[in-house]
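Every chain is named by a letter (A, B, C and D) in the order it is written, and numbering of its residues begins at 1.
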Amino acid sequence: MSSILAGDRIRVSVFGQSHSEAIGAVVDGLPAGFRIDFDKLKTFTSRRAPGRASYATARKEADEPEFLSGLCGDTTCGAPLGFTIANTNTRSGDYANLRETPRPSHADYAAHVKFRGFQDVAGGGHFSGRLTAPLCVAGGICLQMLASRGVQVCAHIYSIADVCDTPFDPVCIPDTDFGAKPFPVLSDKQGEKMRAAIERARMDCDSVGGVVECAVTGVPAGLGDPMFDGVENRLAKALFGIPAVKGLEFGSGFAGSGLRGSENNDAFVTDGQGHITTVTNRHGGILGGITSGMPVVFRAAFKPTASIAKPQQSVHLPTDTPQTLEIKGRHDPCIVPRAVPVVEAVAAVVMLDLLLEGEAWK
Amino acid sequence: MSSILAGDRIRVSVFGQSHSEAIGAVVDGLPAGFRIDFDKLKTFTSRRAPGRASYATARKEADEPEFLSGLCGDTTCGAPLGFTIANTNTRSGDYANLRETPRPSHADYAAHVKFRGFQDVAGGGHFSGRLTAPLCVAGGICLQMLASRGVQVCAHIYSIADVCDTPFDPVCIPDTDFGAKPFPVLSDKQGEKMRAAIERARMDCDSVGGVVECAVTGVPAGLGDPMFDGVENRLAKALFGIPAVKGLEFGSGFAGSGLRGSENNDAFVTDGQGHITTVTNRHGGILGGITSGMPVVFRAAFKPTASIAKPQQSVHLPTDTPQTLEIKGRHDPCIVPRAVPVVEAVAAVVMLDLLLEGEAWK
Amino acid sequence: MSSILAGDRIRVSVFGQSHSEAIGAVVDGLPAGFRIDFDKLKTFTSRRAPGRASYATARKEADEPEFLSGLCGDTTCGAPLGFTIANTNTRSGDYANLRETPRPSHADYAAHVKFRGFQDVAGGGHFSGRLTAPLCVAGGICLQMLASRGVQVCAHIYSIADVCDTPFDPVCIPDTDFGAKPFPVLSDKQGEKMRAAIERARMDCDSVGGVVECAVTGVPAGLGDPMFDGVENRLAKALFGIPAVKGLEFGSGFAGSGLRGSENNDAFVTDGQGHITTVTNRHGGILGGITSGMPVVFRAAFKPTASIAKPQQSVHLPTDTPQTLEIKGRHDPCIVPRAVPVVEAVAAVVMLDLLLEGEAWK
Amino acid sequence: MSSILAGDRIRVSVFGQSHSEAIGAVVDGLPAGFRIDFDKLKTFTSRRAPGRASYATARKEADEPEFLSGLCGDTTCGAPLGFTIANTNTRSGDYANLRETPRPSHADYAAHVKFRGFQDVAGGGHFSGRLTAPLCVAGGICLQMLASRGVQVCAHIYSIADVCDTPFDPVCIPDTDFGAKPFPVLSDKQGEKMRAAIERARMDCDSVGGVVECAVTGVPAGLGDPMFDGVENRLAKALFGIPAVKGLEFGSGFAGSGLRGSENNDAFVTDGQGHITTVTNRHGGILGGITSGMPVVFRAAFKPTASIAKPQQSVHLPTDTPQTLEIKGRHDPCIVPRAVPVVEAVAAVVMLDLLLEGEAWK
């Protein structure tokens, strides 16, 4: 089920290559009767779209989805929602030599072995970050459905290169509308430093990576299942599907593994009205794979963009000889800012799936 | 599929609670005709068994699996392998008050909401670390099947509290047999410091966490699928099923997100015989979700044991009032040493599944 | 997922061979807090147990399940329900020659190819009808859960050899308790003729087959999904897992395909209180894969028992030469009477899964 | 996974409604490197297309798929194959009253309950037979891939109304190219009678149903799994996804259940070269859920077209009163001839999935 983000109820079947005729997705399992706010959806998906700022690829595309099915007017009808996004601005010639010489830390070589040389190399083919565009459309709709049920998904840039933003207070996630900010950070001052780091990398024909932090608030307690179908398992399976994600942690995560139990445990308190919360939230809203009612908080690590203009060492496969590779084409010196809505979108698909499932158990 | 570790071919259906009659698993999809070395299996599973050292729980059990099906003599016959492990040494009285007062950072409260108070609280019920015993049996068999195909899975303690072991060289994993060591570390000196940190925590009625690093060598290139069914996605879904895992990273992981592309990328080289490798292995053996042929390397962060003897703040649910909780019972001050074979076992299930699937595409 | 009856919420993972140490199952996803009536369960499973009458195998076993997990006392706790059934009365010697000479119309040869000769041949191994015993335990519990929600599953012998029982009136299923009858038919007179046909076959060292008709009443409208996850698809996937089932039809089924639309269509009527029903029920309670609120009615065709004492032509595999086979061992001359509760059990698992899922959408 | 035909390797995610912008599918898991013969594909899909003969709906459409992804030129590249088929000739006005008054034996009422009135009613929405068009595109490609591996899928009209074609000889399937025949029958004389029966029904403003028989030849022994993932289970789950299928039988099926074991069993023979076959094929090529190497033979029963012009009794839902319904619009008086390639297509998807999976076990 390689390209299907499959929950128990919602499945997002993604298709397309960077330079194919079109990309798109089929979203199965959305509840019927929901009126989609397409303006809001456009605002959301435009956060991922290229061409907004100097740190993004120069490739500019409308990225407008065309909806083919699943709707009666603006309202979901229960049938699978199918949509396409045209690929209009492709320059396949840039990638001609990649079939023969794999780019370091790109999927080229692994795909070459798996698909025995038949893979589409243009623009990274099916492995391109462009495939996150349909994810944002699907996730953007799920975000609206979650919001109508009182659940909010909100992410920011946690770090880029060695510059860190103010972390979320995991007990009380700020009600900031990052959607309005081109560069979603809590501290604009740190944001400036991040931009500077990106610009320096770009000048050096290099790239930088970073970490995205995401919080989901308004989640009822009791969602998810023990062991292999817990909330962490499901989010992890989905989030590692975003290109360049190489790490994931919930709550206090790796740092928490250096603490003592007495430092990492979260005491329970009650408001005297039967509403149980925890004083701190190092567990990231998930205990035993099941939501606790506290915000679900996680961080995803993105490696630096693999495609850099600097010369790199590779192998010319047909002749089995060393070759110095200089990658041409348009590439983000840092994908992290554009990855923020992608993380929100993927998390939204998973959380809506959990919520719909949980409604069955009331 | 809460308690089913489900691959494309291999499914491990785990059952049992800490204090139920028995625990066990059904393993579906193992290739027929494999002769299991039961002595070797026992050596492996004994690494997880409690009671080996002062850092482990005082609960001692034989932990011997009884095989009920799936075998003709010592050899797999293609039918599901079913086995049970008796729960012999249970002291349920220790847990009587937990139904009313959830332990901080344990699954108690989340399970209480999900199962509406009907969950088995004794010993943590289905959420107990004891459920990793059947995983080790299943994984121990998969490890043997992998070894017969030239694939090795090997983990060590990467860190405990603030003490770090020597990390693996991800290009050249040492051929150390950790199985023979009660405390699997590369640097015995650092191991001593870890033991001291555990002992200090135990004396303080507290606990410590840590990180396990695991490497899989001998993996052919080309296994796994793009996007949501990649090797990272599959390992993540499985590994977050181990109790207390709160973080996971592949290759350079979180640290890599602070590097530049030119620092994090792995150059390709050839030996002139068509054998392509990378000079470094910051990608952790996985590119675009697909194995590159380099060792698969990942680290899993374990939070400190939630059950500590120190008094903690909680809520008495029936009266909805604050309550100070003192946890009795037997608990590891640090589960990380015993988690090492569990990580190997779970990784082995996933990797064997991938390998069997990959054999179809040759 | 060969031996896993997998719904969206409920998974029954069956294990065991006819002559293995034990057989059993793990049932994942049962709602917590349900008090199982074990006497009622025993009454139900005893309907499948061998040795009740002359038409059944002479192999007599207690067939008592031992519950290992998933319960607190008599009540489900949300953890997977694991149980075993001992294999006590095995005579493996009877089957010694079957590894070399496959029985006609049995799984022996196909299993020999698939498992490369490593399959367990004793008693049919994993393909034995004995594996339906754990299905009856799992399904018997689901039947109780369904009954508590107002849903009844009821099957009878529709035909054996060329003798037919009175068919169900699909609009108004009789409220007969077949469980009390050793031979579940509506017409006892036809039942006598069936018994006579079975006895004649037994005398001739031969066997007969038949058809089981099953109805599920009290099902709310709106369960199931379009296309590949409809109620028919799910029931079909499950019911063809019962050994010897070779045909399945819903409502008017094959006969309906010979009718005209005006003869086969079911007119809608209302009681004036908003309760919509159909005057007839040739659609078998399912329209477009979704329940209509009318009884779900289907028939499953069972082939005659493949194991007959009459000499049959086969091949001695090691020498690749013709061989006449005379099957020894204990075999039912007709499995249909004992298959009736198995059909009910499997249908109950599927219907409970649908019902739990549907409760989410209210 | 309502609209996803999901195998272990191949998933066909279908989308669209009868009158939506477009219909289509995403096909995930096709092997890379296969050159599709698009002329052959067009010949195949045109067999399903409407407007070929008087027995088919008057709605004529090009039904040309537009391929958006998954190809490099004519060759599969390993990425999901996405395609759309435009809906050009829609007359939604014909269906205006159906939201209020469900058509007997159509999905209207069940969908109304499930989707709470939000379903798309135009042309049957997502339940329309038109959704079989993308299935034929997906299956047509699978047929080519199967043929390249020596596997043929071939179906004919077994019966329409009370007229039967010559059945297949299940041991030796004729090598007839039905694709060239507008009316795929073995006996053209019987075909004439079928056409006459259809024409009579059409004249009477009525419809007729029928049965499609399908055979898959060249299938190696050993494919499929025991119990719930057998070949019958998989085909059944898929085939009941074709609108109007209400029955399915393998080999001797329902008729076989009336036979004795000695009449229904298939003796094994060898050619002395290690090639084992059966003299007869009442088992339909499947034993214990696993292929025997003999042709896989099954029959699917199609109910008569539910949409008939004759006045029928229904209920006006808004007023909860009886209403006589006269269905307008274009409807086939018999869908069976056009269903023949659909059965082939769906069977091809399942069989290719099994074959790819089986190649892993060689």
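Worth a mention:
Criterion: a contact is a pair of C-beta atoms (placed from the backbone, for glycine too) under 8 Å apart; a residue touches a chain by one contact, two chains touch by 3 or more.
Listed by chain with UniProt protein names: A, B, C, D = Chorismate synthase.
Every value quoted in this text rests on a predicted model; they were computed, and no experiment measured them.
Comparing the chain pairs B-C and A-B, the larger number of C-beta pairs in contact belongs to A-B.
Chain centres were defined as the mean of their Cα atoms; on that basis the chain farthest from chain A turns out to be C. Residue contact pairs shared with C-D exceed half only for one pair among A-B, A-C or B-D, and that pair is A-B.
Averaged C-alpha coordinates give centres for chain A and chain C that are 45 Å from one another.
Separating the CA-averaged centres of chain B and chain C is a span of 38 Å.
Chain A and chain B, compared by their mean Cα positions, are separated by 26 Å.
Along chain C, residues 1-4, 6, 14, 79, 111, 114, 126, 226, 361 each make contact with two or more other chains. Only residues 1-6, 14, 102, 104-111, 113-114, 126-127, 131, 159, 161-162, 201, 204, 206-211, 221-230, 232-234, 236-238, 240-241, 243, 245-254, 256-270, 272-274, 276, 278-279, 282-284, 286-293, 301-308, 310, 312-315, 317, 320-322, 361 of chain A touch chain B when the two sit together in their complex.
Across the interface of their complex, chain B is touched by residues 8-9, 31, 79, 226, 356-361 of chain D. Across the complex, chain A meets chain D through its residues 1-4, 6, 11, 13-17, 20-26, 28-29, 32-33, 66-72, 75-82, 84, 111, 114-120, 125-126.
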